[in-house]
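Right, one structure below, let's go through it.
First chain written, first letter: the chains are A, B, C and D, and each begins at residue 1.
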Amino acid sequence: MLEELKKQVCNANLELCKHQLVIYSWGNVSGIERASNRVAIKPSGISYDELSPDDIVIVDLLTGDVVEGSLKPSSDTPTHLELYRNFQQLGGICHTHSTYATMWAQACRDLPCFGTTHADHFYGSIPVTQRMSESEIKDDYELNTGKVIVRTFADTDPMQMPAVLVANHGPFTWGASASSAVENAVVLEQVAQMAAGTILINPHQSGIDSMLLDKHYLRKHGKNAYYGQK
Amino acid sequence: MLEELKKQVCNANLELCKHQLVIYSWGNVSGIERASNRVAIKPSGISYDELSPDDIVIVDLLTGDVVEGSLKPSSDTPTHLELYRNFQQLGGICHTHSTYATMWAQACRDLPCFGTTHADHFYGSIPVTQRMSESEIKDDYELNTGKVIVRTFADTDPMQMPAVLVANHGPFTWGASASSAVENAVVLEQVAQMAAGTILINPHQSGIDSMLLDKHYLRKHGKNAYYGQK
Amino acid sequence: MLEELKKQVCNANLELCKHQLVIYSWGNVSGIERASNRVAIKPSGISYDELSPDDIVIVDLLTGDVVEGSLKPSSDTPTHLELYRNFQQLGGICHTHSTYATMWAQACRDLPCFGTTHADHFYGSIPVTQRMSESEIKDDYELNTGKVIVRTFADTDPMQMPAVLVANHGPFTWGASASSAVENAVVLEQVAQMAAGTILINPHQSGIDSMLLDKHYLRKHGKNAYYGQK
Amino acid sequence: MLEELKKQVCNANLELCKHQLVIYSWGNVSGIERASNRVAIKPSGISYDELSPDDIVIVDLLTGDVVEGSLKPSSDTPTHLELYRNFQQLGGICHTHSTYATMWAQACRDLPCFGTTHADHFYGSIPVTQRMSESEIKDDYELNTGKVIVRTFADTDPMQMPAVLVANHGPFTWGASASSAVENAVVLEQVAQMAAGTILINPHQSGIDSMLLDKHYLRKHGKNAYYGQK
């Protein structure tokens, strides 16, 4: 089973490259096997053109210990683990510094839902976290990055809002699998670019009506979905 | 005959990919055979790299029923059909969420004609529709999307203005064939990007004079056209 | 001799594609043989992927008559000819609707010299023409486009300023040959993008000092040039 | 030894092309062998697709004389040499006119540290130099370009801030080797684009807290670094 997970996680990482969301060794994708509490994640600082399934590191969800693999896991591993521990439905997580999503994270502004492209994938504004405090940054920084994300979702279902902008940092996205986490990262980058242009063209534009948001989100998600071949 | 139409519609859909107007399964192109009232359209939620002419779905113009093909047609099919029923000269229709055109649609602003690139293809400002009402969104949403477009063209010849921006959504374009609908989508994306830059450089710029608009539009269209090898 | 010119002009047109300054059949490049007053130019409305040297049309500089070739010359031919007749040192001319240069043309603003990239190639602000009058547009539009450009250069050496922005239209560039006209189009597109960003970052920025302009322009051009392997 | 250096410098120059930071013959990268005071640098005005290790020119650090190679060195060589003479830890230097970094240089604004992408590589705002005076421009311009950079770093460790924006010109970057100088140029271009978007989205945004800057910079650099496989 874990061989299959490592392959999926490796492929999902390579998708980041293909969609031009990362350069050099930036970004990382993980996947989880819930039954065994095992998380598969990209090794730290390895270039995408050298990455193979055997390089993927397996860590324990609860302890964070490496249980398989000879490389060090991504330095962002504690963030991933904190999200998996708190958001039970997550099957995969993706972190990038993709250009337009990072602009919004750096601007410390929620990314408004200006249109149906956004509403098809994210149920409302994509939230930016609070800035982290000095003590949160000083020790256990990556774990605390996870905690500040979890805090941001106190009243939000992470499966309806599979993305967050960490203030002054960049986006994390997730989904039922590693590959859907990456798809959400790709779509986030698109809507982040579109939204930047939208406020340039109309600085006073507000988000879409809740009825239109519901229509688009729900025609693709949930029990009454009618998009696609299902 | 329909085999030929399915091939043309398949190729026109693939052109969307080639011109980078779509990712994943986004966007859709259709074509119509007027004699038989048959519309050929992309299936719903199918990736472009898997698309072949056999996947194209044939629906009846009046009833919307699938008359050929094993896949579900695009969820936007009722919008296409409403346009074909009201705009008699249309041979093809294209819908995308292309980046810059969608910015204008999300900004709910008409796209002004700032130059001859625009005037060569679109006879005036490209209109944005009204926002749809709650009742229009709630039931028969895709059909009503067609109706709001038709309403926008009450005083406009759709063959002289082969594009519209659906408010908070994105562009639809059309033409005498599926491939010319796609060409209009490509040009729309170009002029949408140019216009966004134009107002950044000169926020007070207004549209071009009607004489220049006439000159460029009419040197390419209508009985006195003199562009190209005709 | 003309075979060689047709080949050069064909290659220069294909360079436009390679540098992504054109789509479809947009844009055109010409070259001139001064001894015989023959101008070689792209045919009207032909796609770049079908273009071969045999398609290049030869027209007479003074009469504008086609003297060789079976296709119609570019509809912009009268503009090219007017420039060749008035600017004696021109060996090649290029016209595009490249994205960023067209933004400035549409904004009807001179493109300021904000840096040395610009100063290396263009000796000062790149001028925008006056808007054309109704009578200039109505008859002999393409010839009058040439005239309005010539008028813009009343006090400017076109070899020191090998580019112009036609108001509400787009750029023309030129040089000692068809290929250097294209190179100037490529550089113009770069500096147009950089300048748009410059005023976004610093809306009050003014052009560079004349001393820096002289230094950069003159280290590449004229008798004291010291850039390159000459 | 110098054969190896020429190869590294040639490859680093080709990386500029691969990462689309240069067109034509723009930009240049050098490397130094400290033991012999020999600097290897790109020849002036040579296109990247013709560049081989044998074309790399070797100059003397102190005199600037060519000691090996048949081509003229980059016209920016005196700038490189001045930086090597003053910044003892530099192993490589890179100069480009990359689009977004040049926008900031042309805007004469320091590039603020708005996020962790920036903080991972540059320890604070990337400084813009003073504008050069008339006398600095008139004689020994390229040497004086080096001097104005050195002056900008009076209170800054160039290894913690491996980039500068020369006012009205463009970026220089450096590092322990030619290839790391290029990597810093690539990252600079990314953060310059992100920062331009950040101030578009939030014009009042200020730089990140010093604690977050320290955390990110120091987890990648210095004795307590824990990023990567070391």
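Some points to look at:
Definition applied: a contact is a pair of C-beta atoms (placed from the backbone, for glycine too) under 8 Å apart; a residue touches a chain by one contact, two chains touch by 3 or more.
Fair warning: this is a prediction, and the values are worked out from it, not measured in the lab.
For the self-contact between subunit C and subunit D, the two sides draw on mostly distinct residue numbers; the shared fraction is below half.
Inter-chain spacing, taken between the CA centroids of subunit C and subunit D, is 33 Å.
Remark: subunit B and subunit D have CA centroids separated by 46 Å (rounded to whole angstrom).
The multi-chain contact residues of subunit D, meaning those touching 2 or more other chains, are 200.
In terms of which chains touch, the assembly is arranged as a closed ring, every chain touching its two neighbours and no others.
Contacting chain pairs in the structure are A-B, A-D, B-C, C-D. Across the complex, subunit D meets subunit A through its residues 19, 114-117, 183, 186, 190, 193-195, 197-198, 200-202, 205, 208-209, 211-212, 215, 219, 226-229.
Across the complex, subunit D meets subunit C through its residues 23-26, 43-46, 71-72, 75, 97, 99-100, 102-109, 131-132, 134, 137-138, 141, 168-170, 196, 199-200.
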